[in-house]
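Both of the next two complexes hold chain A, though its partner changes from chain B to chain C.
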Partner chain A sequence: MDMIKTTIDGREIEVQRDRWALEVAREMGIEIPTLCHHSALEPYGACRLCVVEVTKGKWTWLTTSCDLPIREGLTIRTDTPAVIAARKTALELMLAQAPDAEEVRQLAEQLGTKSPRFPDRNESNACILCGLCVRVCKVVTGKMAICFSNRGTDRKVGPPFDRSSDECIGCNACVDICPTGCIESRDEAGIRKIPMLKTELKLADCEVCGKPFAPIRQLEHMQAKLREKFGDDFEAGCICPVCRREQTAARLHNVAEKIG
Partner chain B sequence: MTVKKLTEPDALAKYRDSLVASSDDGKPCVLICGGTGCRAGGGLAVGDAFREVLEQRGLTEKVEVRMTGCHGFCEQGALVVLKPAGLLYVRVTPEDVEEIVATSIEGDGVVERLTYREPATKKRITRESDVPFYANQQRVVLADNGRVDPTNIDDYIAAGGYGSLAKALTQMQPDEIIDAIERSGLRGRGGGGFATGRKWRSARNATGQPKYVLCNGDEGDPGAFMDRSIMEGNPHSVLEGMVIGAYAIGADRGYIYVRMEYPLAIENLRIAIDQATQRGVLGENILGSDFSFNVKISRGAGAFVCGESTALMASIEGLTGEPRAKHIHTSEKGLFGKPTNLNNVETWANVPVIIDKGVEWYTSIGTENSKGTKVFSLVGAINNTGLVEVPMGITLREIIYDIGGGIPKGRPFKAVQTGGPSGGCLPENMLDLPVDFDQLTEVGSMMGSGGMIVMNDHTCMVEIARYFTDFLRRESCGKCTPCREGVLRMYEILDSITAGRGKMEDIDLLEEICGYVRDNSICGLGKTAANPTLSTLRFFRDEYIAHVKDHKCPAGVCQALTTFIIDEKTCKACGACLKACPVEAISGGAKKKPAKIDQDKCTTCGACREACLFDAIMT
Partner chain C sequence: MNLSKVDNIIQDYKGNPSSLVMILQDIQEELNYLPEPVLNHVAGKLSLSVGHVCSVATFYSSFSLEERGKNVIRVCDGTACHLRGANLLKDEIVRALNISEGQTTEDKLFTLEVVACLGACALAPVMTVNKKYYGQVTREKLLATLEKYRQKDSCVLSEPNDSKKTD
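This part shows the complex of A and B:
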């Protein structure tokens, strides 16, 4: 494994070549704000909050750290005036873009961004187009139920062709990953509703307690995935997380008693 | 027609000799421009008329009719050139053809009325090579564009085509080829001006198979048609360059990325690929060697951002055309994650020339750090709209005045924008700037892919910045915050200034945001999006201030800030403005009574000012 030396904020360390600068810096205890980054996903480089100042030879420039592989001869600073100014402007632009995004508001406050000098672009909007929902759906869930459409300032997130889509299994991964909480999901009378995706899916009832807990389509998707791995006769069962936890606890309890 | 495959390099030379031997140099040939501009001007119908008339007169066997690619002098289309005499006829219609055949093919006269008349001297010029538009150019890449029939590979071979490929395959090692391209100083013609040889070398040295060689024919700059004309008019020159490059890099497959708005380019490339494959200069075991290279056409949907290298590769892969960070170069991880080398159409077309004529010859053209020629599409307020090829280092003045014939109606020059929508606008005192990659960048513009837009004194520079920023805001892919949100805010400020709502502090904010967008965007679109604004702020700041402080648009373009008045002393009461006014706001203008504008009715559209023959209408 290629180990190379690099310097971040004046501290020299040895790291594996091609590791992401953001991750290395965070491991060193350096704080770098991010909004479009998630450790389960490949770097994307959209929010531009993670900017750092990089020097190589006689060149110095600003660049994002989430998608910067550490290579020979790089010196990185995360706290220069140029870095701070760039982060503040990014937040100012995002605040005007998505005035309802609480996460952005808090970050802006921390960094001391004033209220934006631009008019609000959308009323009551919290989406900053970070793309985490789009990427988690594709990469982790293995579906393409939520995607970008249009270009430039018309860019938006929604279901394919703006219609309710069979791709959506109602797994809520997009809801959970969204940094600004702008995708709503609720379970009502045995139905999971995600209005932004025009999704309405029937929930399956737990075999044990009888309460509805997860979309039938999601369970089918998981079953199919598990069968790919464990063979065609694998049965996942239809037990809600609460009951499953209780069953496991009971089993553990039994084992513990046996061992004494 | 069954085509004999050439299975050894020598066979190519022999085949060419046989083509040359069987052709008769003295045989009359009618070269009709089949470029898109001339087609719009009826070029195809002119071609049909020639075939018909020649048939009627029993001349079909004796005279060749050849549809070629763009000749470049689009302003004067449809163009017809008669060989061997080299006569040029302009604005030819099918009705003119009988007379041309009778006078200049059957006889040896000239149809005077169809010759080119130089606007400045009003002199008629009969021979193509004497027309200043052509005489002042140096055509290296475009040399065969108006000569060969792009749909017939034999034309290209007869002109020496694929000779460089044979030379490369037989006499040069891949490293030697890369070495030659490096020493030639060839820099990418797609905008960045990156050293081509160096790029090839890193793709050659990269580990991983397969390797890809790509051609960027996206050409998203509005008003630009350099690459289009090369792909339409001489597609084999691009293919030959790509095959040589692939051999040097060690790639066995590639794509040509062309936008769907270029149907003729796609059609001619497709024909060229088929013919080249049949001839054995493309595909498996090229010219009998053990080198194979296959190329496919990938059609884009016409987004400006898809010309950016990583977005282009995403688009070929079938994904959304969005750029990604290039900390890891595409020569290492490009298309489908494999080592990839991307070059622009014109860059590829330079390659056979360098291999053929040699590094020494090539480096004798151009400036110290920009070698060879550059093709520009010259548009805007210019007499000779068209496609021009000039040596690097030529001045803007020479291009605009000697080749372009200056500004129509003798109006004053105001600015020229080089580099497409994200280029900068340069003022009059820069006219003597030598045009090369570094000089243009130094003054805040860029070479770009070669768009050149000339503007006269009736152009408002704030409005120009607003216009291009609007284009870029729409064409931003929307992925990263600086480009999507920042360019929008730049546009909003420019829009408010042109609408008369600007404040002085807006100009400072505008500059601040420009700097942020330039330094923080993912790709070249955002990094250069501030150029139109920053360059006009640098060279035409007074005009911004006039809009904000004096509430006046000095050029008389921004409607909210313009009042037109007619100078009574200058007005000759000719009535031209009355006819031009769409809202009947002008009265008088006859019987020696000067015209007068009713300001309540006037919509400040400026039609009267353009119509006035005496410059009597002022702001």
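This part shows the complex of A and C:
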């Protein structure tokens, strides 16, 4: 692997060529705020909060660090006035887009953005259009039950054609990854409801304790994935995490007794 | 919905998912708009998710997911046309057809769209009806043009009646 030298905030460091600047900086203990970044996914550069100032030779420019591969001769600064100003502007815009997003408000307060210059969009919304839910559904779950539609000021996240999608397995990956917590999911009377996706899925009952715990469709999806890996006769069973933990503990206990 | 035409179009591009935009353009040319069942069908044929096709189809303003009129009027509101009264031209069409921007007349004859630039700034103000350009449009010119398209379509519709008369 190519090792190269780079300078971040005045500290010289030797790193692998093409590693993402954000990752390297964070490993060095430098704080860079992000909302659209997740280690399980490729960099996306949507939230614009991770901007840094990069200098190469005579040129200096602002760019997002999450999708900046470190190359020879780059000097990176994460705390210049231009960087702070760019982050503030991004936050002001986000506040206008998603006035209800608690995380955005907190970040704005930290950076000292008091009153945003832009009027908010009159709709109660916490979505900052970072695309994490869309990407996790596509890349990690392997589905596309949630997507972007339209563009510009009309851009929004939702199920394709705003209709309940057969693709959604109710896995809650989008709910968990959302940085502003704007996708709601609740289990009621044996049904998982994700109103934003218009998803309503029946939950399967645990074979052991009999309590509903996961959507049938999600279990089927996982079964199919596991069969790809372990062969067609693989049977995953329908046991909730709590009972599974108990079973595993009991098994380990038995093993421990045998070893004695 | 006749899907065989759609299948032929997909076949023209050998079912290549990277040709999605071209395929959608051709389908819109054929059907005048992109009905949702057709988009679902295209997604299936190209092995793309419905979500992907939905994102692409809603991203480009030249794609319409709603049924449009037989004649699509596009009024240019680019810089040059704007300065030469594109707004007045638009208002005139709104009055004449009793529809607002993006809507279709009840008889499904006209749809009005306002676009950013039609690339014919020297002819400002410009509008197109289907693929024909009309430059330096005035009120009189506009009303005459609309009438021409009305006549053209009513002629086609009334042809059987005419033949009855001669009988």
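In the analysis below, the second predicted complex is superposed on the first by the 259 of 260 C-alpha atoms of A that agree within 3 Å, B and C clash if a C-alpha of one lies under 4 Å from a C-alpha of the other, contacts with A are read in each partner's own complex, and residues count from 1 in each chain.
Please note the rule applied: a contact is a pair of C-beta atoms (placed from the backbone, for glycine too) under 8 Å apart; a residue touches a chain by one contact, two chains touch by 3 or more.
Note that the structure is a prediction, hence the values are computed from the model and not measured.
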{"item": "Broader residue contact with chain A after superposition on the shared chain, chain B or chain C", "value": "B"}
{"item": "Partner chain in contact with A:Leu93 - chain B first, chain C second, else both or neither", "value": "first"}
{"item": "First (chain B), second (chain C), both or neither touched by A:Gly45", "value": "first"}
{"item": "Chain B versus chain C as contact partner of A:Arg121, first or second or both or neither", "value": "first"}
{"item": "Partner chain(s) touched by A:Glu167 [first = chain B, second = chain C, both, neither]", "value": "second"}
{"item": "Touched partner set for A:Asn150, first chain B, second chain C, both or neither", "value": "both"}
{"item": "Contacts of A:Thr63 with chain B and chain C, given as first, second, both or neither", "value": "first"}
{"item": "Contact residues of chain A, present in both the chain B and the chain C interface", "value": "148, 150-151"}
{"item": "Partner chain B, residues of chain A touching it in the complex", "value": "43, 45-48, 51, 61-64, 67-69, 82, 85-86, 89-90, 93-94, 96-97, 117-119, 121, 128-129, 131, 148, 150-155"}
{"item": "Chain C to chain A touching residues, read off their complex", "value": "36, 39, 49-55, 58-59"}
{"item": "Chain A partner contacts - residues on chain B that touch it in the complex", "value": "303, 305, 320, 324-325, 327-328, 473-482, 484-489, 492, 509, 512-513, 516, 519-522"}
{"item": "Of chain A, residues touching chain C in the complex", "value": "134, 138, 143-151, 159-161, 165, 167"}
